[in-house]
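Next come two complexes, and both contain chain A; in the first it sits with chain B, in the second with chain C.
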Partner chain A sequence: MSNRSAHSYLAIGLPLLALAFLFFGPLLAILAASFTERAPNGGIDWSGPVFDAYTALFYTPDLFGELEPNRAFLSAFSRSLYLATCTTLICLVAAIPMAIYISRRSERTKTLLLLLITIPFWANLLARNYAWILILRANGLLDSALQSIWPGFEGTGLLYSETAILIGLVYSFLPFMVLPIFASAERFDWDLVSASRDLGASVSRTYGKVVLPLLTPGILAGSILVFIPSMGNFITPQLLGGGQDFMLGNLIALQFGASRNWAHGAAIAVGLMIGISLVLLCLRRLGPKGPHLSGGA
Partner chain B sequence: MKVAQILKTCTRRAVLAAGLALGSAVSATAEEVFVYNWADYFPPELFDKFTEETGIRVRLDVYQSNEELAAKLQAGGTGYDVIVPGDYMVQQLAQQGLLQEIDFKTLENFPNVEGPLKFPVFDPERLYSAPYLHGSTGISYDSEKVGELEESWSVFFDPDPALSGQIVALDDELEMYKAAAMYLDIDYCTEDPAEATRILELLEAQKPHLLMYSSGGSIERMAAREVPMHHHWANGPFRVREEAPSWRMLFPKEGVNLWADNFAIPVGAQNVEGAKAFINFMLEPENIAAATNFNGYANSIPASRDFIDESVVNDRGIYPGEDIETRYVGNRLCSVEARDLRNRVWTRVRS
Partner chain C sequence: MSETGKARHLSGRVLVVLFFLFLYFPLFALVGLSFNENRSVTVWTGFSFDWYLRLLENEDLLLAARTSITVALASATLATLIALPAAVGLARTSFRGRNSLDGAFRLPLLVPDIVFAIGALLFVLSIGLKPGLATLIIGHTAFCIPFCYLPIRARIAGFDWSLVDASSDLYSSRIRTLRRVTLPLLFPGIAAGFLLAFIVSLDDFIVSFFLSGPGSITVPVYVFGLIRIGVTPEVNAIASLLVMVSVTITILFFIAQSQSQRKVEK
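On to the complex of A and B.
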């Protein structure tokens, strides 16, 4: 074997090995765990594959052992879906103008603005969520600021609510929306806008028919990057939601933690993964064909 | 959750690791004991004292919950010599054959131990464990914001309308389920679905009155006086006495959860003799007193009181006196059926 091919084997082999161990390994372990049962003292009973953990996603015995719809899973699922959708929509509305604005600045300003967008990543996500507690809590920064403008203001009471979760999610994931849309916007040929206007299209029509369609790859990529982590997030609902409104991530954490029902936790995780894959497939069908979706960002 | 603790632990762990690395540089081949303890639950200077007295070095690893400890031990191959399981977890680990039968009552310093935890229900012969610290869980309240309160769980489960929506409950399945059971005068290890249903209904009815379920960050919340009432471990008011001296502890007459942590030696320990020496060292009055001073939790060695800080001994949360101590309800391991019921109740309440 020549020296050169040894190098290329190494170059391909190492990432593949890392992927196998660090990505597929854990994934397979979760998949395997989802076909087991909870051992009497918690953990995993490996004796034979069973599907109980999956049935339990939809039907679960009540306290008397009668099967009934699994309210815990269904409500966590619908709440996750709702909050992730809202997060994605809010991020979209905020990110499109931001991305277009940034893409039309000079190179220097562009670099500076992109830096500003990425700076929050330098601090740990947990620490940033704690910062929101300080801002939102009763008599916190927001309340005191409002009270100084408007004496006698009672306080927002925002912390530990669904709104607080939404604020936290939008804050955490907005950069994931801005960056891909920016990538699309930067390659956008603004002469097309002039052309459209010259041909008599109004501003709104130009944006609707020319700009947005050409930004679609970035919009889709950004939506996926925001929607998926929002769906599975558990730190933000725990810290900012006060742990009252479970999202799927919290339900999974509870199963792997205090309940020690790894089979059920794994089944929820696999279910979530399948659900998201289905959404992605649909998006692929709806969205532009071919290289756009993957190559857009 | 215990995120705040995790953050704290990480820094502490880094500092400790640095310290231990320094120590190991000094004595390269010395004997070692590997301790697996709750995060932030041991005065570091006691490790040094132990090493000075015995020449045995101490290595520390930490966990956040009994369940994490059990998961680690079940997976095997940990190399831990000393672990610190809570009451019911001693019973479970012993049943699972994960603890060495040492007969701790034969340790030289065991006669120092007195009181209900000398021979507790979870290890009646003290074959598998020796006591570390214990404490109770009740209701802490800000006496400047809340008026006179009845000494009952009713103030927590069926609160004054003025407090509704401002109360914090611990994010802890056992604590919450047991509190509700004691209030309803039901055995918390019940296997009866009808009784579990009553507990579920009580917890569900209480939920709208709560601001949140949370175990982490409670000290910060109390110190900032963010809330008027907090389901809490009884050392809470002690820990915020400087920032917010108006916090008091309430011990409901229906029963107060008593938790007790213990030293034990897991199967597979590398240095059983060193582990026994360490545990014996911790049964000395002066040493256990240092742990009580550090943590603000009581111990089961009366002779240690001479070494405990005044402020700790006189704190009504930590040493509430015999009247209150009769309200303590200790923990035992509930049956699989009972735990399963509890699990289902809690999952439903939380979602």
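On to the complex of A and C.
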């Protein structure tokens, strides 16, 4: 018996080492880099821990060397928070009725609908965002369709706007929301709804007091799975926002590209992780037993 | 059916139609336009297969495709080798902290890819590697781990360990038990994990963007470069190809899975 568990510990230990090396190594590297400063020729000057990169998140020297608020970071942070929250809410509104609808179909229809939701989710993210360029761009598919209905229409001008980013984010992550809520909805006992209605509760009261609370684990898991990749998204704002409406993901990438200020980029990444952790903590408080990923996966 | 029942039924249908229109219209538009003979991308003039034929002559793209497939195969394999013993080991032991270890193997799902991407870049540079094929494989293996781990975990949840005990009670060696009993029973989970990891690696852009070096660019990184230059029929064709590859793998995966489930039910 003890021999078997010794083997089990070895079976866990080696993969754990690999995970630590491959995954926690990079996270520690970010943390370490965020306490360095920019080397004169770009890259990193590793001499001694400094907090400049963090100060630079909020203040940046202007032309005369005086500190002024760092608009780039603050606006990217608030815009990311705002767009990720909107994306999560829109996905919730679309996914809850859809998940409930699917959960009440026959086994065959259920399997088919789930497959149909999963397919676009596995299609390449870059290609899926690119498809929206074709639709939204000036004289693209949407403009041409509207112009054929309404001659003289000037075009929506949607591409390279915050709305376009929002559409792209919802499109990218909607399946993440449906699947966990479906997993909760499927376990749901619909007799409870009949019971609630029989006892005289209105439809909206039944949904608010009976259905939604029981769907909470799925809703929380889905919200996490949508919120996190939206908050740190790079592709969608780059392709559909045209790089003007910078989100945190773009700002980080910029530090590792043209700006060559890696320490600053690492500090922004740490800021993003802290922001996400705070949101997760808030969500955990909302949930009965805390959110977990098992709802969807 | 009552009036409100009918109305609800109808609104359900409308919801489903709108939902799937939103999910599928962009994909069909993209693939449809890739067969457009015209250069002006969004105006349809006639059917043509030309843009795809041209891709076959594109040396850069072919090289990128080779890199993508190499990286996807290598990282899906490595991630499976890491996830499999972990999943089996965690299922057969109980100790304090087991749940947090279980959580650790899912954790990469909770870190935004851009954060992991720059972390991986800083990490490989700090251990003295230069961006290239090796660093791509290192980075991809890390984010593939949960995709291999979760299906195996799910398979283990419905696993009958008495079969393994029976095998060793009947004096089968440990290796033989593993080969003849445990692995075949876990195979659907292992295969599912491998395929998911393969697709995820093939589709990844952001990690590859930071970890690829000169001569080791993956297809999504190559496409991103083209999109930045502009919307062209070539990009339509490559993007459609990417979509079609993942859709085909997903459907095959789904068929295989439902068949193995049917076998279990029998």
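For this structure, a couple of remarks:
The rule is short, and it goes like this: the second predicted complex is superposed on the first by the 273 of 297 C-alpha atoms of A that agree within 3 Å, B and C clash if a C-alpha of one lies under 4 Å from a C-alpha of the other, contacts with A are read in each partner's own complex, and residues count from 1 in each chain.
Here is the rule we use: a residue touches a chain if its C-beta (ideal position, glycine included) is under 8 Å from a C-beta of that chain, and two chains touch if they have at least 3 such contacts.
It should be emphasised that the depicted structure is a prediction, and the values quoted were computed from it without experimental measurement.
In the superposed pair of complexes, A:Ile276 makes contact with chain C only, with no contact to chain B.
In the superposed model, A:Thr109 makes contact with neither chain B nor chain C. When chain A is checked against chain B and against chain C, the one touching more of its residues turns out to be C. In the superposition on chain A, no contact is made by A:Ser202 with either chain B or chain C.
Once chain A of one complex is fitted onto chain A of the other, the partner contacts of A:Phe246 are limited to chain B, with no touch recorded for chain C. Using the contact criterion defined above for the overlaid structures, shared-chain residue A:Asn261 touches chain B, although it does not reach chain C. Of the two partner chains, both chain B and chain C are touched by A:Asn139. Of the two partner chains placed by superposition, A:Ser78 touches none, neither chain B nor chain C. When the shared chain is aligned, no partner comes close enough to touch A:Ser194: not chain B, not chain C. Legend: residue contacts after superposition of the two complexes on their common chain; A:Gly65 is shown touching chain B, with no touch to chain C. Within chain A, the residues touched by chain B in the first complex and by chain C in the second are 126, 133, 137, 139, 235, 239, 253. Listing the residues of chain C that touch chain A in their complex gives 12, 15-16, 19-20, 22-27, 29-30, 33, 41-43, 82-83, 85-86, 88-90, 92-93, 101, 104-116, 118-123, 126, 138-139, 141-142, 145, 150, 154, 174, 199, 202-203, 205-206, 209-210, 220, 223-224, 227, 231, 235-236, 239-240, 242-243, 246-247, 249-251, 254, 258. Remark: chain B residues 1, 3, 7, 65, 67-68, 70-71, 74, 92, 95-96, 171-173, 193, 196-197, 200, 207, 210-214, 217, 224, 226, 336, 341, 343-348, 350-351 touch chain A in the complex. Residues 4-5, 7-12, 14-16, 18-19, 22-23, 25-30, 32-33, 44, 94, 97-98, 101, 111, 113, 115-120, 122-128, 130-135, 137, 139-141, 144, 171, 174-175, 224-225, 228-229, 231-235, 239, 248-249, 252-253, 256, 262, 265-266, 269, 272-273, 276, 280, 293, 297 of chain A touch chain C in their complex. Interface of chain A with chain B (complex): residues 40-43, 60-65, 71-73, 75-76, 126, 133, 137-139, 160, 235, 238-239, 241-244, 246, 250-251, 253-254, 257-261.
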